[in-house]
Amino acid sequence: MAAHALRKAAYRQLEPSAWPKKGLSPVNLFLVVLIVIAVISAVLETEPMIASGNDDFFKYLELGLGVVFLVEYLARVWVAVDNPRFAKARYPRLRYMVSPLAIIDLLAVIPTFFAFGGAPSLALRFFRVLRMLRLAKLGRTSDAWHDIRESIYERRHEFGLILGLLMLTILVSGSLLYVAEAEAQPDKFGSIPRALWWAIVTLTTVGYGDAYPVTVLGRVLAGLIAITGVTVIALPTGIFAASFSDAMDRRRQKANGDTDGAA
Amino acid sequence: MAAHALRKAAYRQLEPSAWPKKGLSPVNLFLVVLIVIAVISAVLETEPMIASGNDDFFKYLELGLGVVFLVEYLARVWVAVDNPRFAKARYPRLRYMVSPLAIIDLLAVIPTFFAFGGAPSLALRFFRVLRMLRLAKLGRTSDAWHDIRESIYERRHEFGLILGLLMLTILVSGSLLYVAEAEAQPDKFGSIPRALWWAIVTLTTVGYGDAYPVTVLGRVLAGLIAITGVTVIALPTGIFAASFSDAMDRRRQKANGDTDGAA
Amino acid sequence: MAAHALRKAAYRQLEPSAWPKKGLSPVNLFLVVLIVIAVISAVLETEPMIASGNDDFFKYLELGLGVVFLVEYLARVWVAVDNPRFAKARYPRLRYMVSPLAIIDLLAVIPTFFAFGGAPSLALRFFRVLRMLRLAKLGRTSDAWHDIRESIYERRHEFGLILGLLMLTILVSGSLLYVAEAEAQPDKFGSIPRALWWAIVTLTTVGYGDAYPVTVLGRVLAGLIAITGVTVIALPTGIFAASFSDAMDRRRQKANGDTDGAA
Amino acid sequence: MAAHALRKAAYRQLEPSAWPKKGLSPVNLFLVVLIVIAVISAVLETEPMIASGNDDFFKYLELGLGVVFLVEYLARVWVAVDNPRFAKARYPRLRYMVSPLAIIDLLAVIPTFFAFGGAPSLALRFFRVLRMLRLAKLGRTSDAWHDIRESIYERRHEFGLILGLLMLTILVSGSLLYVAEAEAQPDKFGSIPRALWWAIVTLTTVGYGDAYPVTVLGRVLAGLIAITGVTVIALPTGIFAASFSDAMDRRRQKANGDTDGAA
């Protein structure tokens, strides 16, 4: 009975939608703070200027965080039977464990036990960066993702069309510059994949300056491509901004409507 | 009689608008996959890091694709008599052969027999890139081009005006920097055509960094040009985004209207 | 009497609003072609790769164009008495000569007699570029300028506000980087005017790469400036695009309204 | 009695809302001119090419400006008792002295007495730049800040959401490139903080070219990041432009409504 009451209390603390008051429960608030600390620590630890000499500090901080996140994961599995979403399943806890957020929780615990020791190899860097996954844990406490996903979903035809147009523009631009510049700069335009790097850097207007045409034909083509292509690449922005703004307006109206209904 | 029925069946398979079910016919779906393979292969073949040692693989893949696309072309000519668009013409097949999509189909077959052997010359590169034309074959299976063309056509006056404004801005910017920088950097600003390269790279905000003013007068002018000019260049985007978004909304409303009418 | 009739005919040919048919009069069409030739020639002549060996060609072309534009100017002065805008003035021709377009016409003739000979000095370059003024002559044959001016005028408060915000952002950004980077890079950030060049190049997202922060403080500041500042600089575009689009819609509605009224 | 009348007159001169006529009072107009001079002088003084030899000119100009601004500050404190906003407080002048604009006024006077002598140290540069604060004094005479603040406040949820999305995109992009490029370019991608500099420069499309991926994996990731990420970063612009445009429309309607009501 006491275990049951304790589990209920833990469930209310852990599941944001079950928290009766406004805002986040103390436990979730504490976890949000820990996630932010974990991410900042994961970023700073990779910088030798900061990490060297403080190896132990980062090591024990990471271990402490890993233990807390492991306990959190186990607690969430434990209280899953109280969640109406999983309660009706045959094995509610197993059903919870295969939900996306639970898998992310587990994946975000793993790096703690692999991110140490050895040379700064690709694997070490991979596990260090895997800790960034902890940011995804914040998704549980925010409904902002819903708005963004809705914006993209609502205009999925436009985005699909523009993605195709975009890939076409990049492919055609790279191919043209490959024809024009391959002889003059074989290392930068000697193949279409190499020229595609130039095309992406130019059409997004990033323009690092590591590759640019030097022949007259190449410059004339690049000038025309830059002017027309910039338009195509900038399109998703305009459409996403309009759609996102609409989604937020609807949310605001709905919130007002609910308030009006309640009043 | 059997030949006639076979041709009818082939027509239904080849012409998307004649396919009675939803989506693409098996033959067109197969051709779309082949087009995607052909384009990826054409891109990768140009990269020595990938192609060297695999010459035979790319050669036989290209030959195989070329044969299929040739058969497709001949089949499309053969079934053209069933197409209501061409059926009333005196020579329906000849009439089909001079339609834009048929010419593209033919042009996209040609490179197969020229894209091999010899040094990586300009002509070889040209024929290799000509294979990208196969992407245009996808136009047959999509009505997205219609939306994009409609967006541009609807706002053709705005685009015409802005194109003029754009060329004017580039010309004036290049000329001013030519006056200011020709002595200090004759290789980069020593003539108006050279300064125009700077103007395009700056006004599109690509900014490679291969040419930039170094004199005080040049920098003051370039600063003013960058701030005011960026506005002019970014205009088509805003207008195209608005117009494209309108065109998609109309299509959606029309689709809903048709559904309503059917219901 | 004959002179009077000739002048009337010349006036109808020269003044676009007096031409009774649709489009441009033959004389104005011919002048438009000459202006385009004059501008292309003025651009190409400055490029040694094109001009060397063709000096005489460009010289006589320019002289011929100069004579035609001079005759045009005198003819426009001659027919000014037929123009209702100037006819009521005491000295209609003098009144016309001080109108902006007439002054531009005169200024565009002058370079012909100064753009030759001598070393490629600043003065020579200035006179060569002054020929670009001939483009402004096109303003007579187009009412596009009206739309653009109207768009800017309608939102003049927004533009004024944004111009102030823009200058403030550039000034503050440059000052901050001057504080952070002056010691590390005195040649690029050693004074606020120098740092302003960096600020303009960064905030317009041109990013040549000739100046960028290297200290930790400088990079943190530059990162924050880039993210927040890009928003401010991009604002005029959005507002101008909206306002320009509105102006074009009004013109279209007005044109339709006129057609409806006539029908 | 005379002192009282004098203070009342000074208050009307100093407080824009108390000035009975349209526009700015002569004293405030004079102060605006001085502020502009002070800022231009503060910018130019830092440039050795301009300042060297003119040290005395800038020194005495700054001293003169500092004295005027000090007198202005004291006068504003003196007249604070006439301001209805502070008049009801127990100590109106003290109440005024702790208001934001009064603190800015005081801070803007301080640099005068620290901005001279010694080597061009960090402290000297800091005090020089502090003079830019005088620009904030202009806030008193303009209600433009109100519009901008209102635009931001109205869409604060969108901005908050986008700021989070932005930081997430930068963090994820930097982390991915750190995994891919740390071995090839340890000085530029050897830690996540270093890779974040690349991420900001790329996602804002500034693209200095001081850091860019060179490995195949790095370029593929950077290409995908550039295309998708540019959209996220450009979002605030579209939303701010829409919101700012709305705020200006409301102000215009309100102004028209007031005029209508008065008529």
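Every chain is named by a letter (A, B, C and D) in the order it is written, and numbering of its residues begins at 1.
What we mean here is this: a residue touches a chain if its C-beta (ideal position, glycine included) is under 8 Å from a C-beta of that chain, and two chains touch if they have at least 3 such contacts.
Chain identities (UniProt): A, B, C, D = Ion transporter.
It should be emphasised that the depicted structure is a prediction, and the values quoted were computed from it without experimental measurement.
**Q** What is the chain whose Cα centroid lies farthest from the Cα centroid of subunit C (Ion transporter)?
**A** It is A.
**Q** Same or different interface residues for subunit A (Ion transporter) and subunit B (Ion transporter), judged by whether over half of the residue numbers are used by both?
**A** different
**Q** To bring subunit B (Ion transporter) onto subunit C (Ion transporter) by a C-alpha fit, how many degrees must it turn, rounded to the nearest 5?
**A** Rounded to the nearest 5 degrees, it is 90.
**Q** Between subunit A (Ion transporter) and subunit B (Ion transporter), tell me the centre distance in angstrom, where each centre is the average of that chain's C-alpha atoms.
**A** 32
**Q** What is the distance, in whole Å, between the centres of subunit A (Ion transporter) and subunit C (Ion transporter), each centre taken as the mean of its C-alpha atoms?
**A** Inter-chain centre distance comes to 45 Å.
**Q** Would you give the residues of subunit A (Ion transporter) that are in contact with at least 2 other chains, written as numbers and ranges?
**A** Residues 196, 205-209, 234, 237-238, 242 of subunit A (Ion transporter) each touch two or more of the other chains.
**Q** Report the residues of subunit A (Ion transporter) in contact with subunit B (Ion transporter) in the complex, numbered from low to high.
**A** By the definition above, subunit A (Ion transporter) touches subunit B (Ion transporter) via 155, 157-158, 161, 164-165, 168, 171-172, 175-176, 178-179, 182-183, 190-194, 196, 202, 205-209, 212, 219, 223, 226-227, 230-231, 234-235, 237-239, 242.
**Q** If we count contacts the way the header does, which residues on subunit B (Ion transporter) are in touch with subunit D (Ion transporter) in the complex?
**A** 205-209
**Q** Please give the residue numbers of subunit C (Ion transporter) that touch subunit B (Ion transporter) in the complex, ascending.
**A** Touching subunit B (Ion transporter) from subunit C (Ion transporter) are residues 39, 42-44, 46-50, 120, 122, 125-126, 129, 132, 135, 144, 147-148, 166, 196-197, 200-201, 204-210, 233-234, 236-238, 240-242, 244-245, 248.
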